[in-house]
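Each in structure tokens, the structures are laid out below.
In what comes next, subunit A is part of two complexes: it sits with subunit B in the first one and with subunit C in the second one.
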Partner chain A sequence: MSIRIENVTRVFGDFPAVRNLTLEIEAGELLALLGPSGSGKTTLLRMIAGLDFPDSGRILLDGEDATGLGAGERRIGFVFQHYALFRHMTVRDNVDFGLRVMPRAARPSRAERQAWVMELLERVGLAHLAGRFPAQLSGGQRQRVALARALAIRPRVLLLDEPFGALDAAVRKDLRRWLRNLHVEVPVTTVFVTHDQEEALDVANRVVVMNAGRIEQVGEPREVDAAPASPFMYRFLGHANRLSVEVVGDGVRLGNRLIDAARVDIAPGVPEGPAEAYVRAHEVVLVPPSDPRADMTARLVHSMARGGLLRLEFVGADGELFEAEIPREDCEDLALARDEIVGLHLRRMHIFPKGHG
Partner chain B sequence: MTRIDRRRRVLPGFGLSLGVALTYVAIIIILPLIAMGIQTTSLGWDAFWRIITSDRAVATYRVTLSAAGLATLFNAGFGLLMAWVLVRYRFPGRRLLDALVDLPFALPTAVAGITLVTLFGPNGWYGSLLEPLGIKVAYAPLGIAVAMAFTSIPFVIRTVQPVLEDIAPDIEEAARSLGARPWQIFGYVIWPLILPAFLAGSTLAFARSLGEFGAVIFIAGNLPFQTEVTSLLIYIRLDEFDYPAAAALASVLLVAAFVLLLVTNSIQIWAMRHARTD
Partner chain C sequence: MHAPTEPRHYLLIGLAMAVSAIFLVVPLVSIFAVAFSRGWEVYLGNIIEPATLHAIWLTVLAALVCVPINTVFGIAVAWAVSRYDFRGRRLLISVIEVPFSVSPIVAGVTYLFLYGTQGLFGPALQAAGIQIMFTVWAIFLVSLFVTAPFVARELIPLMQAQGSEDEEAAISLGASGWQTFRLVTLPNIRWALLYGAVLTNARVMGEFGAVSVVSGNIRGQTNTLPLQVELLFNDFNTVGAFAAASTLAFIALVTLIVKYALELREGT
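On to the complex of A and B.
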């Protein structure tokens, strides 16, 4: 089912959680709402579910206005961050709940219900725990029960609020893969909220990044990661360095070095004069300090090996922190030591107006 | 080499504090119960049975049980409503109301009794309205129930309230998103969760009502066979220096209290069945 969110605003007291937001979600999509806490992503999700209502704007489900419909009338499966299982019911009864409360005319027979519940439990790999109570399950198992329960009503849309937020790293990774596979098997429109960019980029077909109640960027995971569209995006994705530069023609001046247009991409509407440059950690290349390619020099203060990569932290001439991420083998011939001065060559610089965001 | 005591606890003086606590329990609870038992056994079985099954005694059981039952029914319904209101609604004066709930515990029961008599007496605010309708409260069985209800109000409220507060909003939202209508959410989700606390609170209220003395004697009228409660009969026997008879009757109340305690605990164990983690 497709979802259309039209100019939706939601204000709590005097805090605007969602501001005039418009978004189209296509049928069968696996979409991630990504953003820092307080960016309005959960509020938006709750409004799609009918657990909260917009102060203005409309929400259309399959082209029909559903703005005023309550949660129970939308047939939307919702998975809560803390599972929200009914602790006095067994796993089986939890999954069956949505069927049990159906109006008598629409409710499947007891045998049909039982078969469907067991099929779902089979699918989430918990059939052998059908008689247990939630308190007897691990976090990952509880979350899968919550998913099975949401799927039991054959929802038109599946919504997940920080579904893996309360789980430890290994379980989280498993469940991520599992959710991806599930979406292939059951291609129901799925929207999930997360503040973990890796999770969003890993699982979703499309990522919507939110900031302060608005959409900051929409795109496929690869796109969003490859071409962040704003300073916020650089800061949010992390491992980006901010530098003060001066726009001169179609190049920039960094300190007393001129960097030509080939290595610089200037956002539309940046005037000549002082501006901000963002350089991502993997766009930094280490060179000897005297090398002509060195755009700046810095002192190494910390290094961390992570797989095939080395994360390095430098302090620049003005005391600002600078981050670089380079393949390990590149570093071995440089043989770096702490407090060594190195030259940094910036492969790419992304220029935005000064003081923006 | 110093030996390390592996049984060391965070707080020092475990042995001493346990000893003091047990001594206290022995002096305050266990010894008096034993003394009562001894008093009772001095009667012999026949005399004991005659005393506790005498017509007057049986009449007091009937009066006490029916009044306590009525008071408990009333408090169960009202207490549940009150707990719901205190947890679910935010209104000015809520904290004051919340504090008022404990008043029947804090107030001397004699004060409660006198107040109720003044209100429900023939010339009191309520009494003057109810008597013309033929409803007699003061000096009637109904008055006993009113006095019992007053002193046991807090039990149901104070047991249900924390459980109700504990039900996270997302539990209800989950039920709602799965299509449950409000009465189904209450019936299938909320009610089963608060039922054990509700039953335990009601049982405690009933137990308290069975033994209520101070508030009841002022309003009951205390006519043998009509408005005489068991605890009053015990007092009367004591007044006549008939200690064994008083002890015999008291043992009836004691057994009733133990049975109720057992019921309450069984309810709690049953309620916790889904919290097992094995």
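On to the complex of A and C.
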């Protein structure tokens, strides 16, 4: 089912959680709402579900205005961050709940219900735990029961609020893969909320990044990661360095060095003069300090190996922290030591107006 | 918590036990001791004495009326303050506690002032031919007032801690409001609710001050058990008074046991 969110605003007291937001979600998409806490992503999800209502604007489901419909009338599967399993019911009864409360005329027979519940539990790999109570399950198992329960009503849309938030790293990774596969098997339109960019980029077909109640950037995971569109995006995606520069013609001046247009992306509308440059950690190359390619020098304060990558932290001349991420084999012959002064060559710089965002 | 190890630990424990025994257990035992001091038959005779029997009946009736009403009231209030954020919410939470902070005798006098013949609504009620004061209705009214907070106070913290996610989940799965309440909310709060109802019951049956002001103490008509105990005692019928008191003490013991069992359930 397609979802259209039209100029939706939601204000709590005097805090605008969602501001005049418009978004189109196509049928069958697996979409991530990504953003820091307080960015309005959960509020937006709850409004799609009918658990909260916009102060202005419309929400259309399959082209029909559903703005005023309550959650029970929208046939939407909602998975809560803390699962919200009914603690006094067994796993089986939890999954059956949505079928049990159907009006008698629409309700499948007991045998049909039982078969469908077991099929769902089979699919989430928990058929052997059907008789257990939620308190007897692990976090990952509870999460899957919550999913099965939401799927039981054959929802038109599946909404998940921070689905992996409360789980430990290994379980989280499994469940991510599992959710991707599930979406292939059951191609129902799925929207999930997360504050973890890696999760969003890994699982979703399309990512919507939110900030302060508005959409900051929309795109496929690869696009969003490859071309962040604003200073906020650089800060949010992380591992980016901010530098003060001066725009001169179509290049910039960094300290005493002029960097020409070939290595510089200047955002539209940045005037000549002081500006902010963002350099991502993987766009930094280490060179000897005296090398002509060195755009700046810095002192190494910390290094951490992670898989094939080495994460390095430097302090620049002005005392600011600077991050670099380089393939391990590239620096084996550099023999880095703490407090060593190195030269940094910046492969690419992204320029935004000063003080923006 | 750990096991006592030093002599001073044992001393403190012993002291606590001794004080509890002197102030709590001895009086309780003595009630039954005096009540049975002249044997079973005298005891039974005192209980089935018509005025006492009527007092027992009236006390049970008051409980039958007040416990359901205040249970529903308590759920409604707890629901309102734990699920909705509205102007006056904090004030409402404080107002519910008023019966706890006000002396029951003040409650009785207040109701007398409101509904008595000389009272605020008195003339209007009299004109309509309705008498409230010095009837069982007055007993019900003040009992409702005195026990209003018990259920709400048990439920509010629990419902606030549980949050509304379970109910939202039920609603999103298509359950109606009533189905959500019956299948999700009620099972989530059942032990606290029962606990609140048990406390309400104990207080309705044991209330003296407020009831004594508004009931008029009419023997065999508007005397509840606590009032009957006092009346018998003032008549120098010690054994009769203690026999009546023993029924109240028995109710208290049952309440304690039920409360203890409920707390065990809640803990699991």
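Just so it is clear, the second predicted complex is superposed on the first by the 357 of 357 C-alpha atoms of A that agree within 3 Å, B and C clash if a C-alpha of one lies under 4 Å from a C-alpha of the other, contacts with A are read in each partner's own complex, and residues count from 1 in each chain.
Everything below uses one rule, namely that a contact is a pair of C-beta atoms (placed from the backbone, for glycine too) under 8 Å apart; a residue touches a chain by one contact, two chains touch by 3 or more.
Please read all numbers here as calculations on a predicted model, not as lab measurements.
Novice: Clash or fit: subunit B against subunit C, after overlaying the two structures on subunit A?
Specialist: On the shared subunit A, the partners clash.
Novice: On the A-aligned overlay, A:Pro187 touches which partner chain: subunit B = first, subunit C = second, or both, or neither?
Specialist: neither
Novice: Using the superposition on chain A described above, determine whether A:Val101 touches subunit B (first), subunit C (second), both, or neither.
Specialist: Both subunit B and subunit C are touched by A:Val101.
Novice: Which partner, subunit B or subunit C, touches the larger number of subunit A residues?
Specialist: B
Novice: When the two structures are overlaid on chain A, which partner does A:His88 contact: first (subunit B), second (subunit C), both, or neither?
Specialist: Both partners.
Novice: Quick check on the superposed pair: does A:Ile76 touch subunit B, subunit C, both, or neither? Answer first, second, both or neither.
Specialist: both
Novice: Give one of first, second, both or neither to describe whether A:Gln136 is in contact with subunit B, with subunit C, with both, or with none.
Specialist: In the superposition, A:Gln136 touches subunit B alone.
Novice: Is A:Pro289 contacted by the first partner subunit B, the second partner subunit C, both or neither?
Specialist: In the superposition, A:Pro289 contacts neither subunit B nor subunit C.
Novice: Quick check for you: in the superposed arrangement, does A:Leu51 touch first (subunit B), second (subunit C), both or neither?
Specialist: A:Leu51 sits against subunit B and subunit C alike.
Novice: On subunit A, what residues does subunit B touch that subunit C touches as well?
Specialist: The answer is residues 49-51, 70-72, 75-78, 80, 82, 84-88, 97-98, 101-102, 149-150, 152-153 of subunit A.
Novice: Residues of subunit A touching subunit C in their complex?
Specialist: Residues 49-51, 70-72, 75-78, 80, 82, 84-88, 97-98, 101-102, 149-150, 152-153.
Novice: Give the list of subunit A residues in touch with subunit B in this complex.
Specialist: 49-51, 70-72, 74-78, 80-82, 84-89, 97-98, 100-102, 133-136, 146, 149-150, 152-153
Novice: Under the definition above, what is the set of subunit C residues touching subunit A in their complex?
Specialist: 165-166, 168-176, 179, 183-184, 187-188
Novice: What residues on subunit B touch subunit A, complex-wise?
Specialist: Its residues touching subunit A are 168, 170-171, 173-181, 184, 188-189, 192-193, 273-278.
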